[in-house]
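Here's the structure, in structure tokens; my notes come after.
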Amino acid sequence: MKLEEMTSEEFSNFVDSLAVVILPIGAVEGHGWHLPLNTDTVQPEKVAREVEEILEADNYKVLIAPTLNYGNCRTTANFPGTISITPDSLRSVVRDILTEFMRHGLKNIVVLSGHAGSNHMAALRMAAGEALKTGNAKIMVLSDYDIAYKHLGEEVPKDDGHGGMLETSRVMAIRPDLVKLERSQGESHPELPPYRILKNPERYFTKGYRGYPDRASEELGRKMNQMIAEELAKLIEDMIEETVL
Amino acid sequence: MKLEEMTSEEFSNFVDSLAVVILPIGAVEGHGWHLPLNTDTVQPEKVAREVEEILEADNYKVLIAPTLNYGNCRTTANFPGTISITPDSLRSVVRDILTEFMRHGLKNIVVLSGHAGSNHMAALRMAAGEALKTGNAKIMVLSDYDIAYKHLGEEVPKDDGHGGMLETSRVMAIRPDLVKLERSQGESHPELPPYRILKNPERYFTKGYRGYPDRASEELGRKMNQMIAEELAKLIEDMIEETVL
Amino acid sequence: MKLEEMTSEEFSNFVDSLAVVILPIGAVEGHGWHLPLNTDTVQPEKVAREVEEILEADNYKVLIAPTLNYGNCRTTANFPGTISITPDSLRSVVRDILTEFMRHGLKNIVVLSGHAGSNHMAALRMAAGEALKTGNAKIMVLSDYDIAYKHLGEEVPKDDGHGGMLETSRVMAIRPDLVKLERSQGESHPELPPYRILKNPERYFTKGYRGYPDRASEELGRKMNQMIAEELAKLIEDMIEETVL
Amino acid sequence: MKLEEMTSEEFSNFVDSLAVVILPIGAVEGHGWHLPLNTDTVQPEKVAREVEEILEADNYKVLIAPTLNYGNCRTTANFPGTISITPDSLRSVVRDILTEFMRHGLKNIVVLSGHAGSNHMAALRMAAGEALKTGNAKIMVLSDYDIAYKHLGEEVPKDDGHGGMLETSRVMAIRPDLVKLERSQGESHPELPPYRILKNPERYFTKGYRGYPDRASEELGRKMNQMIAEELAKLIEDMIEETVL
Amino acid sequence: MKLEEMTSEEFSNFVDSLAVVILPIGAVEGHGWHLPLNTDTVQPEKVAREVEEILEADNYKVLIAPTLNYGNCRTTANFPGTISITPDSLRSVVRDILTEFMRHGLKNIVVLSGHAGSNHMAALRMAAGEALKTGNAKIMVLSDYDIAYKHLGEEVPKDDGHGGMLETSRVMAIRPDLVKLERSQGESHPELPPYRILKNPERYFTKGYRGYPDRASEELGRKMNQMIAEELAKLIEDMIEETVL
Amino acid sequence: MKLEEMTSEEFSNFVDSLAVVILPIGAVEGHGWHLPLNTDTVQPEKVAREVEEILEADNYKVLIAPTLNYGNCRTTANFPGTISITPDSLRSVVRDILTEFMRHGLKNIVVLSGHAGSNHMAALRMAAGEALKTGNAKIMVLSDYDIAYKHLGEEVPKDDGHGGMLETSRVMAIRPDLVKLERSQGESHPELPPYRILKNPERYFTKGYRGYPDRASEELGRKMNQMIAEELAKLIEDMIEETVL
């Protein structure tokens, strides 16, 4: 169920039987010339809806909170259209939201981010750690790409990445109208100098993506979205069933 | 146009001819038993779309940024389902977004909030003030209720307020499926002790709304939404045409 | 009684029978060429003394804390002589003071500001909200202009404002020696563009005041000061008598 | 001249010929049972007025800013009536005030504190250091006790201190009506364990003062106040005449 | 050369010919019963010295800054002896140090951490990002384990980790006197529930390490330390030779 | 014993019988041309080791924590090689460390700084004050120069100071290899204008030290180091034996 569409009364009636709440975290981030700025928003929203379906089939009630539409983007910060909030801002707002969930008695919480930048993810983890100081709950923080990238080397080449074959396929399966595959510029294998913090990372990353968007297909996207949802649903069920806090 | 649905390239091509960007600010807030938690989200989103229509008819290009779905709720903080972020978190994330707009060269910016709480609005104004330290732009910060409440005393009684006749009507005109008018509990005239900062404001505000939801009508809502959009469109056109920064 | 003039021992003896403490908040802010920079300081100090008189006549013991002489000024920030502290600094220092009042067991607290800027007032309310996290007390936060402006449209025109007929009259009744009425420049009806956050608001506000200082009179000032004190005294007595926290 | 009593216009006319601005910093702090809580406020205010007299006689124009009436009190924090703000709050508000002085073009600034606690003074120094990042000015930060204590061992015993013979004398010379010498409890030589940060320092400091209040005299106070003013006036004239920033 | 052992004059003479400065970041963190708390300190210090040797042989002058001996430990926070500083504290102090390096004109900077926790590393990266706002330099931020773990699956099993075969071997090669191999408790394969932020992670991590310390050897440690130093020296030489900032 | 060289198990076994933990605070700071940048690090480390010896002889178990190698330097900030962290960064990291000591049950804590700058020391005291809000412990915060300077006027002239006869002697007794006495430039009596916060203090402090390094001797250094250790050991034993918190 969508938290935002409930009334106070409906929430109040529902909260005790609730199994888990999912907070999708999106981003407004350049992904080459072929993918929309909300690429990292539509993916976790789609996964959340599919996870809800699977869990509800197993008789777990799921609440989906409104998406936080902004995230922190480090290496793509200077591309047209990227709107990056600082890790501190991200951390603050997510800490507040998780703290509110806990105040309302929610016991199982999933923070599901479409964007997987390391500082962005660290901000989310720190937010969860800070919320946990106000009480206790079982909190999971992950990107759907934490799961997706475990499958690289199967159908998708190992060096595919941001805006590549896998991500393009997934968006094609969700919002095909937003994908401009004809504007893709073929393979791209940017080699950012390793371990560097760069003022102008886009100099090393000229096409704004990494990998093989030209090999993308809606079918692969559907399959991956489904697989991610199933693996995540399993992880969440395990968390719900865990009795230790 | 929706910022989030553009690619980097489309944004890049579009930005120079852009007249104004609108950032809708929502909230997850209890509004009695008859209105959904996203009441303060659907209203500014609707107004933004109607403003876009009016402005585009006048040949101004409009960009609508992804809604920030969370806000700061003070007097309703303790109602079921309210998810309030602190004024500081709100300020930080909005400051970052506005700063990014300015970095991309956007010159006319409207922050349009559905929620009108005084600390919430102060946070938005402070965010704009801080962003202005990084450059210059014309920034407007308002709630659609700043406009709407100027019309109290006409069709809507002067003491109608949060979740009352006017707000219920407006939501009925936008998302009638989310309004549970049958769960409304009639007139409500809570008298919060004036000028007080209260730990438990809900004690004085027992129904969670103020005014006359029972007198609401979809027709009134449509009329008000239209009127707000027109007045706001006029204000924005004036801002665009102003030459001083 | 003045808190600052007591010894530790006197405070200690007095604190249990105390009904209310008033913290006046001033400002150093340009008010045209005819009013002194401490216009917003002398007014709440005067009101506090008159409120004390009224309450003591009703057998309530009143403590007046030392005035905080600095506030946050947004639209007048660039006028000669304005010394504005940030909303964050204001909030921090007021939060600390209120927290200390609560630590000493004071149960009824009034924060009375002469300046009524919206961010300034938001800072004071946030300070109170934060102090309330350390315990409980009944706290009122207001500007004397919250009361005064309810009477606009009676003797004073509705569009009178900052440094206008009403404010000039009030200062004339308190510190006539500081009013240079001959330097006033007649009516002034600045129209700041609505809802705007401006880098240089003084461009739209050229005389530094709004309204009709030329129509000011000491008599009107005395009457208004008295009326404000009486209305505020009534509000405070209601707060003291309230038993819920 | 008092900054607060000027109009914007008077400040504007005066600022170019101004030699120095003095910002007095007070405190609300327990000083035994014989001295008022504003002991540390009346002293720097008195010194500032006397310094002004001396400097104006030497043809230097002096501006006295409104006193900041609150300071940070560490070892006396738990005494009745002490209202201590944190070092961070103190630093923020003083940084803002100094930054504003510099924005208005004031080139010689003296921060004169009555209270001399080490964290309190550090906060003032840090505030000055931060303000200096926004421009340049000659800033002096001191307590009048930095000067006064250099004279211990002359008429006043070397181990006299907070609320002792020297301080009591000085307050007697300024506000004799506030001194309750009869409530003094004789000599007091608290030995706080050296270099300790204590949660409850008042356990070791039972009378709330240190030294010989019983030996205080108004005459000594007058003499000390005069001497401090003269030494400080000399330091300020040296600073004004210095040409390096 | 060690920065700390130079005089001001020596530093001043040396700084222009300097190729790179290395800042080792340590930790005080429980590593099972067999490794010392400074395990994550001695490793990067050793690597830094070996890198220096290699680089100096290639005629690059190297400066080694004093080690920051404290880091942020999340999953081991509750083990005896762990002294964890928050990510914010770590970030602040490292940001200050890097900013100072840049102020002194150092152009190539390596932050080398022994600890590899994700929030710890994020704090270091954020520190570098913030320092870069004050100017420009080439900054590399890594853990020696970023290099070491790329070799898992060769001599060391893939699931070896914190305090395991690899780390134990490395410390044996550096400070054999501090390794109490006899107190190791054999294989340990803690399975922390994936993606979870845990209040009490040690519940799932009962031996305080992960992997095969019993298979450790000084010889393997020496080999790994050497290999890491060589790979890192290569990366640093590439960075030094790069001409773009 | 050195905290850093213990294993988790050893720490765990040791902690109950522990009498006191010492945290040495160093600095990287220019001290003329004759002393190394780690002058303020080697001194408290030496004192800590000697204090440990004395206390252990009296059957008190001592833990020495890893040195924090960076401090805040105000007046020497602009000299070659000075790496100064802000007072806020210093405070944060030390607060975290002390809080961790308290979490582990350590009851007597000494923060021993080689550097004695007033803002630096204030940061350490504030850190201790903040840590004390999380529980209770006996905490001492001092510089070894708080003790050393009490002996000025005996063998060492009263106006000797930073990098002078006393400090040079002490470093000669600890690390004679790092002292370049031949690079000293004779007597230096910089007169910083009193009470001033200076943007460029080095203008008034041209040699980077104050006093008589040429009169330094290793013998005097040994004697002073010993005396400081003995006085400090006595203070610590008194603290340990104190029963009040």
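Letters A, B, C, D, E and F mark the chains as written, and numbering starts fresh at 1 in each.
The rule we apply is simple: a contact is a pair of C-beta atoms (placed from the backbone, for glycine too) under 8 Å apart; a residue touches a chain by one contact, two chains touch by 3 or more.
The shown structure was predicted, so the numbers you read here are calculated from the model rather than taken from an experiment.
Enquirer: Which chains are in contact with both subunit C and subunit D?
Expert: none
Enquirer: I need the common contact partners of subunit A and subunit E, sorted by label.
Expert: Common contact partners of subunit A and subunit E, which must touch each of the two, are absent.
Enquirer: Mind checking the rotation angle between the two copies, subunit C and subunit F? C-alpha superposition, nearest 5 degrees is fine.
Expert: The C-alpha superposition of subunit C onto subunit F needs 120 degrees.
Enquirer: Taking each chain's centre as the mean of its CA atoms, which one is most distant from subunit B?
Expert: Between subunit B and the rest, the longest centre separation is with F.
Enquirer: So the centre of each chain is just the mean of its C-alpha atoms; given that, what is the distance between subunit A and subunit B in Å?
Expert: 26
Enquirer: Can you work out the whole-Å distance between the CA centroids of subunit A and subunit C?
Expert: Comparing mean C-alpha positions, subunit C is 48 Å from subunit A.
Enquirer: Which subunit E residues reach two or more other chains?
Expert: Not one residue of subunit E touches more than one other chain, so the list is empty.
Enquirer: Looking at which chains touch which, would you call it a line, ring, star, complete or other?
Expert: Looks like a ring, each chain touching just two neighbours.
Enquirer: From subunit A, moving on to its ring neighbour subunit E, which chains come in turn until the ring closes?
Expert: Ring order, starting at subunit A and heading to subunit E first: A, E, F, D, C, B.
Enquirer: Residues of subunit A touching subunit B in their complex?
Expert: Within the complex, subunit A touches subunit B at residues 3-9, 11-12, 15, 26, 28, 30-38, 41, 65-70, 79-86, 88-90, 92-93, 95-97, 100-101, 104, 178, 180, 183, 208.
Enquirer: In their complex, what parts of subunit D are in touch with subunit F?
Expert: So the residues of subunit D in touch with subunit F come to 74, 87, 118-119, 121-123, 125-126, 128-129, 132, 136, 138-142, 146, 193-197, 199-200, 203, 235, 238-239, 242, 244-245.
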